[in-house]
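Every chain is named by a letter (A, B, C and D) in the order it is written, and numbering of its residues begins at 1.
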Amino acid sequence: MTKKEVKVYDAPTKIQDIEVLNTYQLEKLASDIVPKGGFDYISGGSGDEFTLQRNQTAWQTKGVLPRVLADVEHPDPSTSILGHDIRAPFIMAPIAAHGLAHETKEAGTAKGVAEFGTIMSISAYSGAKFEEIEEGLNGGPRWFQIYMSKDDELNKNIIDEAKADGATAIILTADATLSGNREKDIANKFVYPFGMPIVSRYLTGSGANMSLNNIYAQSKQKITREDVKFLKDYSDLPVLVKGIQSADDALLAIGAGADGIWVSNHGGRQLDGAPGSFETLEGISKVVAGRVPIIFDSGVRRGEHIFKALASGADIVALGRPVLYGLALGGWKGVRSVLEYFDEDLKRVMQLAGTQTIEDIKQAQLFDMK
Amino acid sequence: MTKKEVKVYDAPTKIQDIEVLNTYQLEKLASDIVPKGGFDYISGGSGDEFTLQRNQTAWQTKGVLPRVLADVEHPDPSTSILGHDIRAPFIMAPIAAHGLAHETKEAGTAKGVAEFGTIMSISAYSGAKFEEIEEGLNGGPRWFQIYMSKDDELNKNIIDEAKADGATAIILTADATLSGNREKDIANKFVYPFGMPIVSRYLTGSGANMSLNNIYAQSKQKITREDVKFLKDYSDLPVLVKGIQSADDALLAIGAGADGIWVSNHGGRQLDGAPGSFETLEGISKVVAGRVPIIFDSGVRRGEHIFKALASGADIVALGRPVLYGLALGGWKGVRSVLEYFDEDLKRVMQLAGTQTIEDIKQAQLFDMK
Amino acid sequence: MTKKEVKVYDAPTKIQDIEVLNTYQLEKLASDIVPKGGFDYISGGSGDEFTLQRNQTAWQTKGVLPRVLADVEHPDPSTSILGHDIRAPFIMAPIAAHGLAHETKEAGTAKGVAEFGTIMSISAYSGAKFEEIEEGLNGGPRWFQIYMSKDDELNKNIIDEAKADGATAIILTADATLSGNREKDIANKFVYPFGMPIVSRYLTGSGANMSLNNIYAQSKQKITREDVKFLKDYSDLPVLVKGIQSADDALLAIGAGADGIWVSNHGGRQLDGAPGSFETLEGISKVVAGRVPIIFDSGVRRGEHIFKALASGADIVALGRPVLYGLALGGWKGVRSVLEYFDEDLKRVMQLAGTQTIEDIKQAQLFDMK
Amino acid sequence: MTKKEVKVYDAPTKIQDIEVLNTYQLEKLASDIVPKGGFDYISGGSGDEFTLQRNQTAWQTKGVLPRVLADVEHPDPSTSILGHDIRAPFIMAPIAAHGLAHETKEAGTAKGVAEFGTIMSISAYSGAKFEEIEEGLNGGPRWFQIYMSKDDELNKNIIDEAKADGATAIILTADATLSGNREKDIANKFVYPFGMPIVSRYLTGSGANMSLNNIYAQSKQKITREDVKFLKDYSDLPVLVKGIQSADDALLAIGAGADGIWVSNHGGRQLDGAPGSFETLEGISKVVAGRVPIIFDSGVRRGEHIFKALASGADIVALGRPVLYGLALGGWKGVRSVLEYFDEDLKRVMQLAGTQTIEDIKQAQLFDMK
């Protein structure tokens, strides 16, 4: 891909409500309109994509039992997390470079998220500036996800900016201290077609025309308990450690002061050969034992999955790729359509599984299908 | 689909005996002659159709052991249920809108069922009136399946009519308090091409040109133990609670007065991500412990499956889609052909498994193939 | 298929050594030259062919461990069974109607088997007469497999003839008291193109132009412990009960006087939905505990399978379909080629698994691969 | 294949760095340029290739857990084995006839291996002479793998030559006392297109135009504990017994004096129906209990696999086919590219799994995914 080609990256532009039959169909529809390099970046995983696929098949190890004669009608999926009341137990996951999906970039996603009524996660690798995103968010709740610089002064600078923007929590992505083996990106010789204003302060360039490998290498490659403490102390905000897949690491993070455990395998984009994220959840939630909230991501595509994650110990889930497909297909309205779909689908599952509230889901017993 | 197209829904009309090689082949043959919207409605499941498929693969978790040197010749599959002697341990399941499969609607099915010699279940969402169905049933045994109104006076009215028609039991469908996520129907924009005379009294319309979603929403969406008691008290008939998939709900239903437990996941049409119906049977039958009969459905396509269900605790099974394919292909004669096939196939399995009677099947040990 | 078409059943006729790369390839090659009705009859199973396939996949539940530094060179697969010394631990299984595969019928198979140096099983549904088969066997060892008449006088008559022919054991097929659900035969409207001289004495016809269903129905449909005793007493020969798939039936047969337990599910041709035959072997051999020999069949296609069966308790295995494919492709020479292949393949496995003798195989530990 | 055709075996000749997206892609690319007979010989397995495939799927039984907040940056994969310091925990496996992949034969492989910085294993079935290989190795470390002659004097002669060449260990391949059932080679009527100078002293010919079957048959077919002792005593070098797949054989080899246990199923080329090599590793490493080093091969295609093998008890792994594909595609530079790829890929896994050193990997807990 030449610089010239990069310049003409042809992101979708439509803003419209979309019909969501299911999110797998959205992926297919998005693949038709998002340029191949961008689509492969968004949809792809690392290595054999074993873990990417396992994130899906892992759901089949547990069944939701239909329940009847229950005191359920018009179930209520609302909940709260870290002081925010949200319409439904899901938020937007931090994802880099929304501009690959739509010309409105993170501002489009943010508007859809805010209109729906949940929390936006702003990635440090955002292609939009905080003030551009705020145009969409319009005061809605937001968390800031950080890829740290090797220079803590710059980290302070980034945190200052995020706090000024109104972030109420810091998400520390701990599982991406270097780039996963994204074979599709390598084959495509993929480079970002635009810059990353938040982290460009510590990159050799703006981010534009740079590979993921290159950008990760310029970010901090060793993230330790000290970083959790640093972020917590400096920001005075709750710090959520993202990328936990083992009970030991959950304890480590809590010991370092984490205010939330974010169970994730980065959507199968980092360590291939890892289990499905859902497979690790139950063991982690047992040791966390309610001390801090658990946020779950990687593989959530249906209301059924949200139900299974919550019944296995998660407090909320984060949605990633499906929302970006909605962004691609309909801008902020497409984002809202996708979130409404998840809300509707979850409520249907709640009704058929005999659960009136989020608390009821957490008490539900799943059926072992191994 | 426009109203005009609905009017010309072109249901099959042939009345003929059919050769049944197996019921999977019938499904394929039916798909050639039943209009796509109707065929997808009948054959489809919800969501990913995971549970629909799991209803099939679940049979493979247990093997029927060939048994030899047994005192078996010309096995006898006859049995009785709730006072009815029937030729074989299977009855017709309640299914809505047989008119999608054949112009003779439920009357065609009823005639085939009566001619064979077992029990007809009449769905509240029948497209035919009781008196039309009676033309086919001709005095044969029948149970009435109710989708309740939100208005109990109308429910009394419906029960009065069903009793007057001769129903000897009430089937309370408890797992369909709203429509499952039938993606094929949504994609097809499927609406019923004709009315539902039994429940039209509580619908905003006749049922014609209405979607399943709409009709379910107008039916009672909260079915509780009180409803079991109400139906039992008012009808003075045995009440069977249909849609049980957990031991806890079986106990709940019995506690509420249920006279039979109907193990079913609605043929994979309601809660996707649920286990196969057969997977749940053994655990339920253990807690029911013979106190009330167990009727099993969802996934029965061969005599082998009937054998496995009975050996796992069911007293009888209910047959659904395969009978409707027979109806499509040959009207009442096709229905009879399908039931004769199941009878023949079951007797073959009984002989090769060394079981002379239904009681022998119930004592048989299955082989664990997990 | 009209009578005329039956008359011109065009069985292969070539007599030649064949190269056996593997027996799966033979099946494919045979399908090219054996008329479809005959090929489907030979190769097919019952119902969904689940059990037919499971006979193959069941081998994968156990691994043969490579063993090294063992005192093994040029392993010796010879063994003996019921007084016969044989070159290798396999014999010819009883199969009906070899004439479907080759014009030389059972005589061709018998010659190949005798030339190789093992035991021929002669089926009561043979298309050749005893004296025709003897032309091939030429004094070689033989066992006689009986499908009993409903009339014991005729059974005596058949046994007299088999004894006069030199049979040294009677195989009582107990798992085929009626025909399995052979869907391919039904779809093909398959009838035997020629008669069955041994059992024609109790059929309404010669066997020609008759379906398998019809012939089974005219044979004895209730085989009990009394039949084992009758055959033993009248023949004064060892009686092997064939079709055992459960430990209970093995005990039942031994209690009735059986001199050998023949573990088989009839090659997946009788009760579909049954486990793979190999899955049942270990449990049976534990209760038999060496009191009588165990013969195993159903799914043996490689030396590896023979090894696994012997390591799981079988004394010898019986080979069926692969030998008939050899017959089709090369007459008696083809049969011999197939048996030589199995001998060669078994010796290779023996060497690589560190086993010098059949006794060594029986002591080998398989690796659990479930 | 006629002698003339053999003479014109058209091995690839290019020498170039290659881009390695993954090693599966290399296999595909190599299949395009290596003559079919040679490619099938290199890539193929025995029998059904069940074990060949199981070597791959076995990796999926264990997951590598992503680990975070670890004290890891720029992980160090260097290690040492039998006194050699090597850059990474992998060496070149002994493979016959590299000339099938590239005209530079073993000399090309050796140069790539030496340039990378690890150990070359020289096969007794090398197509190049020791002095030709030394041209590539250029003083780098080497181990010599022996296929023994039936004549111990010739074995002494071979060992003398290997020692003179500088071998620091003898690899005794114990699992190939005759050729596996290589069906592709049989179908291709594959013979080596060139001689094997090291073992030609005990063959009836040079090795050229001879089949693998023929060559194995002329090699020693009974390898016992005495051979381990003989090699050890005569060579005064460490002897590694290769082809161990059971704990019992590991103990046997150690008892006979083995200085290392080489866990391998010969890449699925010998005993088909065996478990995947990785499945056997944990049990073996438990009984070896650190007394001697464990070398692992069969199925290593990614850094993930190296990690899993080391976490399951291996000290180093040996790489085979992927290196030969590198040789085919780029001569010694291609070999180096492949080894660099494995190094890079392993370091990425180490970082993401929170392991700074090889010792850390050995302490890592894998996630059970059965």
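In the analysis below, a residue touches a chain if its C-beta (ideal position, glycine included) is under 8 Å from a C-beta of that chain, and two chains touch if they have at least 3 such contacts.
Only a predicted model underlies this, so the values are computations on that prediction, with no experimental measurement involved.
S.K.: More than half overlap in residue numbers between the two sides of the chain B-chain C interface, or less? Answer same or different.
M.R.: different
S.K.: Roughly how far is chain B from chain D, going centre to centre by Cα mean, in whole Å?
M.R.: 60
S.K.: Approximately how many whole Å separate the CA-defined centres of chain A and chain D?
M.R.: 43
S.K.: Multi-chain contacts in chain D: which residues touch at least two other chains?
M.R.: In chain D, no residue touches at least two other chains, as defined above.
S.K.: Give every touching pair of chains, nothing left out.
M.R.: All chain pairs meeting the touch criterion are A-B, A-D, B-C, C-D.
S.K.: In the complex of these two chains, what residues of chain D are touching chain A?
M.R.: 21-22, 59-60, 63-74, 302, 304, 307-308, 345, 348-349, 351-353, 367, 369
S.K.: Which of the residues in chain B end up touching chain A in this complex?
M.R.: 47-48, 50, 174-175, 177-178, 180-181, 183, 186-187, 221-225, 227-228, 241, 243-246, 248-249, 252-253, 256, 265-266, 270-275, 279-280
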